[in-house]
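Questions regarding the structure given below will be posed in turn.
First chain written, first letter: the chains are A, B, C and D, and each begins at residue 1.
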Amino acid sequence: MCTSIIYPAGDYYFGRNLDLEVDLGQRIVITPRNKNLEFREMPNLEHHYAIIGMSIIRDDYPLYFDGINEKGVGMAGLNFNGPAHYFPVQQGKDNIASFELVPYILATASSVNEAKKLLANANIANLNFSDKLQAAPLHWIIADKTGASITVESTIEGLKVYDNPVGVLTNNPEFPRQLVNLSNYRGISPTAPENTIAPKVDLPVYSRGFGSHFLPGGMDSESRFVKATFAKMHAPVGNSEVENITNYFHILQSVEQQKGLDEIAPNTYEYTIYSDGSNLSKGIFYYRTYENSQINSVDMHKENLETSELITYRVQNQQEINHQN
Amino acid sequence: MCTSIIYPAGDYYFGRNLDLEVDLGQRIVITPRNKNLEFREMPNLEHHYAIIGMSIIRDDYPLYFDGINEKGVGMAGLNFNGPAHYFPVQQGKDNIASFELVPYILATASSVNEAKKLLANANIANLNFSDKLQAAPLHWIIADKTGASITVESTIEGLKVYDNPVGVLTNNPEFPRQLVNLSNYRGISPTAPENTIAPKVDLPVYSRGFGSHFLPGGMDSESRFVKATFAKMHAPVGNSEVENITNYFHILQSVEQQKGLDEIAPNTYEYTIYSDGSNLSKGIFYYRTYENSQINSVDMHKENLETSELITYRVQNQQEINHQN
Amino acid sequence: MCTSIIYPAGDYYFGRNLDLEVDLGQRIVITPRNKNLEFREMPNLEHHYAIIGMSIIRDDYPLYFDGINEKGVGMAGLNFNGPAHYFPVQQGKDNIASFELVPYILATASSVNEAKKLLANANIANLNFSDKLQAAPLHWIIADKTGASITVESTIEGLKVYDNPVGVLTNNPEFPRQLVNLSNYRGISPTAPENTIAPKVDLPVYSRGFGSHFLPGGMDSESRFVKATFAKMHAPVGNSEVENITNYFHILQSVEQQKGLDEIAPNTYEYTIYSDGSNLSKGIFYYRTYENSQINSVDMHKENLETSELITYRVQNQQEINHQN
Amino acid sequence: MCTSIIYPAGDYYFGRNLDLEVDLGQRIVITPRNKNLEFREMPNLEHHYAIIGMSIIRDDYPLYFDGINEKGVGMAGLNFNGPAHYFPVQQGKDNIASFELVPYILATASSVNEAKKLLANANIANLNFSDKLQAAPLHWIIADKTGASITVESTIEGLKVYDNPVGVLTNNPEFPRQLVNLSNYRGISPTAPENTIAPKVDLPVYSRGFGSHFLPGGMDSESRFVKATFAKMHAPVGNSEVENITNYFHILQSVEQQKGLDEIAPNTYEYTIYSDGSNLSKGIFYYRTYENSQINSVDMHKENLETSELITYRVQNQQEINHQN
């Protein structure tokens, strides 16, 4: 399924692994400030913050999987099949279709706090983009360049906005339960634990890494939530943009889904199609793909953001091997 | 510590993660056929198979961490601190210092079977390379282009050569115990298990990846052994050399040690310094480093192997980001 | 903390382990039909169903930990420290103090369905029994002789009544989260799993009991919930009352807390003070204690239930060893 | 399969759980000092130490499952199917059949040290008691009233005698591997661990017993070894014989196999048929059975030990419920 993190390293880096069984043809898409954004039940936005992120485009509309805006707010939608519940359009509410939520928030919020206010009266409407493109069951993480982070879930009980103290999101179950489960792993540590099971017996620390012996390594959502949290919380801060983005991708790599390990239908396997991450202060978008281990980047500020047409970049999906001889 | 694998994909790919807290200045080193290889207690080898691999060089001697030869035999030495025991030089035995074992085997064995014969009368001698360069406690994995694989361990009980049915090696404890432990994880699967704990109760498979929920994710040796085995056993076979080497590195990535997660002394952390892998049939050596996610390659057959001086390549350790704008 | 189960074996058996660090002086208490039961905010009950169970008595009031009534309804209160939230007395609601809930339900409900109706308008009021006897944070399991079972939780979100499909209750976290966690263990089985981690490798089932290798054995609430469910779901049905009650106590024994293993304050340890269980059809109450492994019984129908004074039995807490010579 | 422990509590208590799918008709058997003990390849013992323990009797020969002698030495044989290997009778060795080993050691050793000497030249001979009664694959634990404890294993590599620093034995794999595995659980504790996974995040200790969250609860041999060690190492010392033997049985109860949880063949389940334990100083033998939770005892010193015929007691297998009304 997916994992999203925010990594503090001076600047904040935000992004996600997209784990899926098919490549949907996504591209890097910049929505400039004057691109007219239409919504089903909300007023159009003719002028707004510029956005960069991974997206498919249908009918000239950017269906973002995740992205950031020029104000340093990032947002990602992750699979939430089961608990996710969208509601009929409701009078007196800000009715936003699930597929509109990322562009809506990124176009208008300059911080997590502003996003919270925008969500205060929101109703995630059960509208499909089209008959062919049904709404996916999602929940969302929103983060900003101050390090703030929230989780947004629309379930049968209504719309919930949770502070996200770990800056990590994966998938089911509901976010509060992920935190409960994380408590079970409080003792995971970079260092070996004291011998408390049999204190007077010599029980050698026969291997390095003993402090993480009970760290889960599964492909499932709870396992990835715990492992990504551990990796993120103990990741060092680099001395440069390159070092930071290198560390960032290693965190995501710790919960990568390798091909062949998660069979969702006979001979169909989910895997980490791409990993991306942006410097929330600088507006630079980085990514790698399963097929191409090199890091690629697109800098939104190298484009003219005062325009009105979507700007797209092809995903570099070809392995570029550096032949030294 | 370290993880080594052999990955079958038409051709066989062999290599390892080197997990350590310091970069020892290794380079890619080709030992051509006529480089005179001296041994402490064994006859010199003036002509032998050519070797390529990761190595440091001291006094013009290649101290290989791992490598392959032109016949399609690969070998890696991995930390085995604790059980590793080397013996005094013994009359009537083939006395080989631990640091000589990789060049000795790769220089003279054209298959795992030949390596077994060479080891039949061997004694791993407790000789240091120099006062400053003490012998490291190691065990070894040897594999060849037919997919055969063995583990070599010199412990207080003597020299043991085990068939390695999984083609994986990590560190402590002794290899047979790693296999016993692997049995505990027999039920790990790419698919979700049947509900057998409470068959009549509806227990939703609330997340994909349920079949690997109990897969370990720790940095320790047993955890990496289990996870690498699972990743390797279910990895798909690619349609090209590039696809295969891509898959290969993803397997190693599943047991990568991220920085900050394995504290071996105050503020000192072990991490995966490099990952390498070679096509055992083609003699092409590939690698990546923690700092540089791009894959690099050196092809031994692009050099003149009928020479007598070591050929070295610098490790490309700089992150090369592909800026798309 | 505590574990409660309902065990189907022709008749249904219901009861619990009480895990605590102090013995509170409980006794087996029968509340006969005409004992006047007073409630703080609800009308007195002068005539009602007779009750038997474990209870302390204060001011002639039976503060039941757990019990059953003559109609075959059983109920137990278990520690729920953290999520438990009681509310101020509320106009228009049936305001019941937490310590009144067990006698209230058992006095008036002849089935789980009737209990549900009684709870439909209930408010768990934040009243203490006295200044010295503060209300404990609890949640409840109610079961009946048809095998029906519900969980009752009063949290900050209000009063929730959940169907309990497993017939097990322990402690935190909230009941739905326990079910989510149980899903993680769906593959636990009395039989060894197939080798799916490395299908072509011989990985011996070196021990019996392999199917339960990942069954948790901790003292914590999630571990006990999973283990008790497994033990209960696979327990055989006996051929007699004695065989059934024997099996019943073995299920509870599987999650017994041994002395010394759960330190809640320096040198203070929680342990399973008593285990009890009743045949919901026959009105016979059985129990054992940590200090006395023999099973004791009290049959409510051997007393005159048409009386008005509490009937009490001392807990037999002395180990009676049968000396064969 | 089985679990054996030695529990220090002033005096030492030694015994075991017998986990099997069939009751073999065992009885409590006292072998008095002058009972002539014959061995296949060793001299008869006409006078020797008296023994008490669980045993079946065939042809007037006591085939002990476990027992103790009057000098305070205890010994138990536990299933070791797989690694167990017995050898042909060997000239110059003390050839002892596997089924003779318990009576042989208990008849002649007054301490673990003496047992070690007796084993120094021993060969476990592959002799069957009879065609109908084949030798079972076993390994053994020997303990004495000073608290000393060893494990004895005869495998393809020969006879190994290991010091047993934990005083616990279960089944496969070999004893050193059990100790390696125990190291994985060093951090298990009666107290909750510090939050080291995400130190700055509030991760509530939402349940008591958090320190044992990763304690295994499976029926398999490794799980029972770890859990019994934890339970034993932290068990309190009682103030009386009754309190000690009560605590002792609770330790064994922590690894009891409930009926229905370990299916060894279709509809055939292994379970803990009996638990026994002896005060090694006092020569009192205690036991319970799955069907009868009351503790029973037989005191060897209440018999005339200067006799020559086996003395037997029936196993009390009937549940004796104490009806309080």
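Note that in this section a contact is a pair of C-beta atoms (placed from the backbone, for glycine too) under 8 Å apart; a residue touches a chain by one contact, two chains touch by 3 or more.
Which chain is which protein? Per UniProt: A, B, C, D = choloylglycine hydrolase.
The shown structure was predicted, so the numbers you read here are calculated from the model rather than taken from an experiment.
Where touching is counted per the definition, the chains common to subunit A and subunit B are C, D.
Across the assembly, the mean Cα position most removed from that of subunit D is the one of A.
For chain pairs B-D and A-D, the one joined by more C-beta pairs in contact is A-D.
Centre-to-centre, using mean CA coordinates, subunit A is 54 Å away from subunit D.
Mean C-alpha position of subunit C lies 34 Å from that of subunit D.
Centres computed as Cα averages put subunit B at a distance of 43 Å from subunit D. Counting partner chains per residue, subunit C shows two or more touched chains at residues 173, 180, 184, 190-191, 204, 206, 210-211, 213-214, 220, 222, 230. Considering their complex, residues 1, 28, 82, 171-173, 190-191, 204, 206-224, 227, 230-231, 234-236, 242-243, 245-247, 249-251, 253-254, 256-264, 269-270, 286, 288, 290-291, 293-299, 302-303, 313, 316, 319-325 of subunit D touch subunit C.
Across the interface of their complex, subunit D is touched by residues 173, 177, 180-181, 184, 220, 222 of subunit B.
By the touch criterion stated above, subunit B contacts subunit C in their complex at residues 165-166, 179-180, 182-199, 201-206, 210-211, 213-214, 226, 229-230, 233.
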